[in-house]
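The structure under discussion is supplied below as structure tokens; questions concerning it will follow.
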Amino acid sequence: MTNSAQTIDPALYAAVTDAVRAEARKVLESGAVAAVVGWQAGRRAGTAMPTIVTDPAKAADLIFSPACVNNLALYLTKAKKEVRGKGKIAIVAKGCDLKALVGLMGENQLKREELHIIGVVCAGVQGAAADRSLPLSEATIAGKCRECTVHTPENTDVTVGTLTELPHFTPTESAELARLEAMTPAERWSFWKEHFSRCIRCYACRQVCPFCYCEQCLCDRNRPQAVETTPRPAGNMAWHIVRAMHLAGRCAGCAECERACPMDIPLNLLNRKMARELKELYGHEAGFKPKEKGPLAEYREDDDQSFIK
Amino acid sequence: MPKTITEQNLRLLIDTLVKEGTRVVGPRAAGTMTLYEPLATGEELHLGELPRRSAKEAFFPLCETILTYEKDKEGVKVSDIDPARFPETVLIGARPCDVAAAPVLDAVFSWDFKDEFFLERRRKTTIIGLACTKADDACFCTAVGLSPSDTKGSDLFLTPLKDGGYRCDVVTEKGEALLSAHAGLFADGTGEPLPLAEPTLGKLDLEKIRNWLDSHFEDPLWEEIAQRCAGCGACAFLCPACHCFDIVDEGGEQKGARRKSWDACGFGKFTGHASGHNPRDVQPQRYRNRIMHKFKYYHDKFGQRLCTGCGRCIRACPVGIDIAAVLEEINNK
Amino acid sequence: MSRIGVFVCHCGENISRTVDVEKVAAEAARIPGVAYATDYKYMCSDPGQGLLKKAVAEHKLDGIVVAACSPRMHEKTFRNAAKSAGLNPFLCEMANIREHCSWVHEDREEATEKASAIVEMMVARVKKDRKLVPITVPVTKRALVIGGGIAGIQAALDIADAGHRVVLVEREPSIGGHMAQLSETFPTLDCSQCIMTPKMVDVANHPNITLHTYSEIEAVEGYIGNFQITVRKKARSVIEEKCTGCGVCSAKCPQKKIPNTFDKNLGFRPAIYVPFPQAVPNTPVIDREHCTRFINGKCGVCQKVCGPGAIDYEQEDRLIVEPVGAIVVATGFELYSISEKPKGSPIKGYGEFGHGTIPDVIDGLTFERLASASGPTGGKIIRPSDGKEPKQVVFVQCVGSRAREKGISYCSKICCMYTAKHTMLYKHKVHDGQAYVFFMDARTPGKSYDEFWRRAIEEEEAVYIRGMVSRLYQKGDKVVVMGSDVHVGVQVEIEADLVVLATAVQPRAGADTLAQKLGISYDSYHFYSEAHAKLKPVECATAGIYLAGACQGPKDIPDTVSQASAAAAKVMTLFARDELEREPIVAKVNERNCVACLYCKKVCPYGAVEEKEIRDRQGNLIRVVAYVNPGVCGGCGTCQASCPSKSVELDGYTDEQIMAMIETL
Amino acid sequence: MTPAKNLLTYSYYPGCSLHASAKEYDESTRGLFKALKIGLQEVPDWLCCGATPAHNVDELLSLSLCAKNLALADGVEGDLAVACAACFSRLKVTQHHLADNDAKRTQVEYAIDGKVNLAKPVKHLLEILAKDFGLDNLAAAVHKPLSGLKVACYYGCLLTRPPDVPQLDCVEAPTIMERVIAAAGAETVDWSHRMECCGANFTLSRPGVVLKLSGDILQSAKRAGAHCLMVACPLCHGNLDIRQKEIEEATGERFDMPVFYMTQLLALAVGVSPSKLGFDSMIVNPLPLLREKGLV
Amino acid sequence: MHAHKENHDFEPKIIAFVCTWCTYAGADLAGTSRMQYPANTRVVKFPCTGRIDPVFILRAFQKGADGVLVSGCHPGDCHYMAGNFHARRRFAAFRALLDFIGVDLQRLQFSWVSAAEGGKWVEVATELTERVRALGPMREFKELEAEEQWSGVIDTPELQEAYNNIP
């Protein structure tokens, strides 16, 4: 059932765009920051891509639209040395992106004072297979946005945009999670086996992840080889298990891995599962405050050990 | 004489080939997408959309074993893979943008070193191309000198007809042989073809682009475009023309295999030296190499370009890098 | 190709009974990289070890697997043998085919097969072993002792007597601690000050001891053998070097009505004072909070009367940096106060005892001052409210202690004994007085302790009532004690003249802050944690730091002195060598790959991980990486398992070694 | 700042005593709250809380009685105001007990055939006055300060105990009553027996015990110089007021110590007519004292 | 207990990752006490459970383990104070992940075995061996190991044999 009331008004994004441009121009002109990381329109209609603006005149290129899917926190990690070298940086961040920034601060990768965060109020972004010519609706909105709790980012330097009442969206991801959990282990195994067999090890999932900032990925090592690098089913399975484990307790849920995957592997299900597990076990939720320690770097003497004989 | 084949007979052709022991690879529904995969029956042929991965896999596998080894007290026993065991393959329903890459790749694999792994598979593959009637905003084959009905690389070429079925043109002798072996499934005639796809990007002056590249190894453009590049291999792995590969030994001290698998110039470690030095240290340098290789170096050496305008890299790029836009920008300089 | 030697031990018949050792050796010989394999009846015997050494030379072995008993048994033996054969000892591994195989399986075929598999696994490991060299850390042979109570004094004297320099830091103006406040000590009733003050003088006169009183630890850096400590010497307003300790200043000070904290506020002292007559050093200090000069500038008597001109009103705190190699923490205890509910404390307080508002309800230490011959009353037992001699005194044990509902669940250990002592001291001074004791249990383990307690009851006529006190309230000039006698099953009400509460022993306020500076751990009550409850009772988990006395848990004097001497012995052991040598099983950071997410630092139980800045030759910061201090690393490897990029690696247990073992499955 | 009309509204559980022997507690509570413009709506169809015998006899019954009352109170707006210390204690204990005992909770919910609301805040009047309404507001509402009246505030056993349950004030040395009545201008005395038991449980079975316990309380208050006692519990009131004569006979000491409910004194201070405060139903006649202090 | 060799169709491979201070010593104690248990377990010694990387567990399954045992000191007994506490969380998370991937958790056992618990070591090792024996071989990872991407498949006898050799 779709009608006009159940779409998100594009005007919301237009207003944010104007405000982002003004703020970007302001901080660049004043010299408060050396660069602004934001989004600009792509060649194709209804697409956008990350951009790094250093010239105040180029601030007008910045946009915010449902196509601004990228988590720009990526550009502030050590993986992107070129960007970090520019100086103090302003970043345009959706609520979900902000959680990654917070996580990176907790992991000693970013300092709050080195950032100027331009928070954008976000009603959602488009899903992978969405018809880009349509406004956001049940049919086109991304899975993660259906269950978003951070439409308005907090603890930013400035937050632009006003949230209007949003349509209710069916949560697809938690439904899928529940479906998988209801399966037998054997069924789950074949589910993942099918997906992982398609993996081509392009590492888009790793490269877009704000938390995969390691200089040397464990999985690229060969002495010893922890994970086979060739895209055979065995190595693929190991890679995705190791990836999910390494993100457990750190992943802030931006779902970029899943979006970036050219093979449509539902990677965020793994991340969500781990996040939920850690929340249930240790009350931890990633991305809300820069914690000194993550759930797997701390412990309580009375932690659950019902699984240990 | 022109031939036609009905939809039903096309599928019957697949069934027949499979029964004969031929590996038939064609577009097949795979989860949320279409992929070139071995077909078990003609029913599985799924021609509705461009497969997510290119057809190069049919002769340039994602990963293949090139030798296996086992060690005992006497020494290491190495077993080579005999290319003679590669299966006879018919690649069916492949788009012109995929098929056109095959002869381009032949050049590099048969240049100073003859790569028998590639060449033997190519020899054993018969390609039935399929004209394209649908394009999206990422398609740009016409801009790089190809067309939705280009038969380059095909052995047989199918053109969808208005009233269903396909016209089948013979392009090579290999194609002729396949057709005559199954002549009963084809009929004489031409039929009225469906209108061809019309990619929107205008024609590019590839020679101008090459010249610009020649003189702009250092240019701010590279950083401007590629500072956003995340350094994954999605573009290269989906590209019909990218052909870099890596060779690794996997397994333990006792036994294991040497394997060859796709590699991508976007990876940070792609040019990593054992010393730790990396001549392409940052992403813009890597992206520059990608463009240079496709539109200059390869052309300089082999007179061909490593891009068929399939648009896969544009669709798949997680950070929205659009090679067509890059070419357009250079073209307009 | 490696050249591994495999030596399969029969262990008499212990192994060979169930394992076909010849077959195991033969199979081992077939493993690629094994250059020599043999079996022998007793590998650990001299001839066995000789065989091994000979084989190393003859076959140019570069790794050894001894398939025998548990490495816990003989790893040292064989590594030493390997060492004497010229091989790095860490290239020798043991395959445990006895405890883990021949002794637990009876089927010969199965056991043999398993033994071969174990050998294969260890051969794989040895191939990935690296030569390791024991780590040496230079040792500064100078100790810091924090706290000048009996524990600190004892530790300092022991270390100093052994010929090492000691820096003793005390927060108060004088050393002596609680023991200087006590009247007589159980179970011998000898005078506390009589046995304490000579030790204090020894400290003052010891050429190896540098004493900093009225000082606190400001900062601690470094690690075992190499600490840098900063001491804050608080402004005393008296120049120590000039002061002769004549005492004229105190005598002439016009401000004389300041409650004397040393005497538990029972008496008064002037603004310039030494806490007690036998103080060490005998140098006064000006209590700036109460001194008229500091309040309104309208005095200066002490400066005028001071002959040597030792008074310095302008004196400021000084920071002194001392390099030391070991630290003894002896910060002692304080008594739980019922006077108010401590803020933020889990302790709920004693509202039913009037929250300290009843003047004739005092704690044990106050009673000590009352009973002390050098105390404010000259040893006469009188009550604080009206100075009358109390004829009925009620002692209440376990106030705060063993009271989960009040937030403290532990036993304070010393109260049973000192309460028994109090009843005696009381009876000795007030012959017609009656002492009552409310107690839960009498805990008197210790030499002559139970006898002492029995004496309090049987000879000194203390009435022990087993039960708790529910309420204390003032009724006229009496304090009514409402309690229960659980033996008889009745409620008891006593109208007492004085009530003495044996309040809980707690760590000193600020114990947590000091622990954080030292990097040592503490429990929920802020008692310092020893490294192992049984086997390392004086060591902290942080290497080079040792514990003495009640800062680690409630203790009486003999236990405190024993622990202090033990801590001193540990320090001397450390100082016995010029360099500290330790097993090289420590973590190392691959600085090239480390991205400084510092997960290693977060999980390290030893605080061995630091941030290290990598700079270019111009001094520009290039990047920050983690650094594991090999002197501090305990070798657990938790860092490596937590490191996402495996940029930190535990020597002796590298991923390569482990993976190679798994490969053999 | 005077709260606007209906700023505070409570559901109200009077309990059996307040409908019988402690009618004046009920009347003065309503009078006081009306004067302070605090809404009070009685829980319809409430049951006995079971105090004090039920929990000694049948735990399930005692929990179920209170659970049922909590369920009934759920239907009435506002936190649940309770006057009687015993009712307050039972309701709090029930919530506390069921909160971490799912099995028991299931049993109880089966027994009352409904859900029990463990989240509904149960508040004693003291809490409402001291915390919700505020002592400053209370002081501002006083027309007739109780100047010169020396009051011994008597808590009894139940207001603050058991530890962790009522969370009203410090368990063993509370001051909430003193603070509340001081806001009305009275003087309070420091005395020893504020928290001692009056013997309520034995009031019928072993009156001798009551005479001793309540006698100690009266003596202590007298010793401290109090003119009167102030209580928050109908059972304590019963022992201290009704049995005062008997105690005097037993001890031979004359007390003449009126025993007020806290709300009586407060209502008097905020200007409620003395005729509506049930002073005539008290055994120890308070009027001479009140007259002497110029309060009536 | 296992005085006679029983004839089993399938002998599972069990790998045990243990800490040196508690469980390794506990297993030693089982030996010195001459307790008997199935011979399927291979012990890999670590300084502490804190050192045990979940990757090792994964790797063990990949390399042919049918069951994996991870065992260390009881909480509070860690020689390194807190290694086992960290390990406990790490394994709780990893276990949940494996379960979600579809690995049968009956093949993965965690335990605390102290240096004094030789009997418990025997019990744990026996129980896991018998349980895995009943479950049969860990086919999932073994199959995966032998699988190729379709494009790399050649019908070689070696590969066919490797596949057939999965027990």
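Remarks
Residue numbering begins at 1 within each chain, and the chains themselves are lettered A, B, C, D and E in the order written.
By definition in this document, a residue touches a chain if its C-beta (ideal position, glycine included) is under 8 Å from a C-beta of that chain, and two chains touch if they have at least 3 such contacts.
No experiment lies behind these values; they were computed from the predicted model shown.
The chains touching subunit A as well as subunit D are C. Path length between subunit A and subunit B in the touching-chain graph (shortest route): 1. The chain with its Cα centroid farthest from the Cα centroid of subunit C is B.
For the interfaces B-E and B-C, the C-beta contact count is higher for B-E. Geometrically, the chain at the heart of the complex, using CA-atom means, is A. Inter-chain spacing, taken between the CA centroids of subunit A and subunit C, is 47 Å. Inter-chain spacing, taken between the CA centroids of subunit C and subunit D, is 52 Å. Centre-to-centre separation of subunit A and subunit E, using mean CA positions: 35 Å. Inter-chain centre distance (subunit D to subunit E, centres taken as mean C-alpha positions): 65 Å. The residues of subunit A that reach two or more other chains are 218, 225-226, 231-232, 296-298, listed in rising order. Residue positions of subunit E with contacts to 2 or more other chains are 54, 59, 82, 86, 90, 148-149, 152. In subunit B, 62-63 are the positions where the chain touches two or more neighbouring chains simultaneously. Inter-chain contacts, as defined above, occur between A-B, A-C, A-E, B-C, B-E, C-D, C-E. Partner subunit A is touched in their complex by these residues of subunit B: 30-33, 35, 52-53, 62-63, 137-138, 223, 227-228, 230-234, 236-238, 246, 248, 250, 259, 261-262, 264, 267, 269, 282-284, 314, 316, 318-322, 324-325, 328. Considering their complex, residues 180-181, 183, 185-193, 197, 218, 226-227, 231-234, 237-238, 241-242, 244-245, 248-249, 270, 273-274, 277-278, 281-282, 295-301, 303-305, 307-309 of subunit A touch subunit E. On the subunit D side of its complex with subunit C, the touching residues are 163, 170-174, 192-193, 195-196, 220, 223.
Interface of subunit A with subunit C (complex): residues 78, 107-109, 213-218, 221, 223-226, 246, 292-294, 296-298.
Residues of subunit C that touch subunit A in their complex: 592-599, 602-603, 624, 642, 644-647, 655-656, 659-660.
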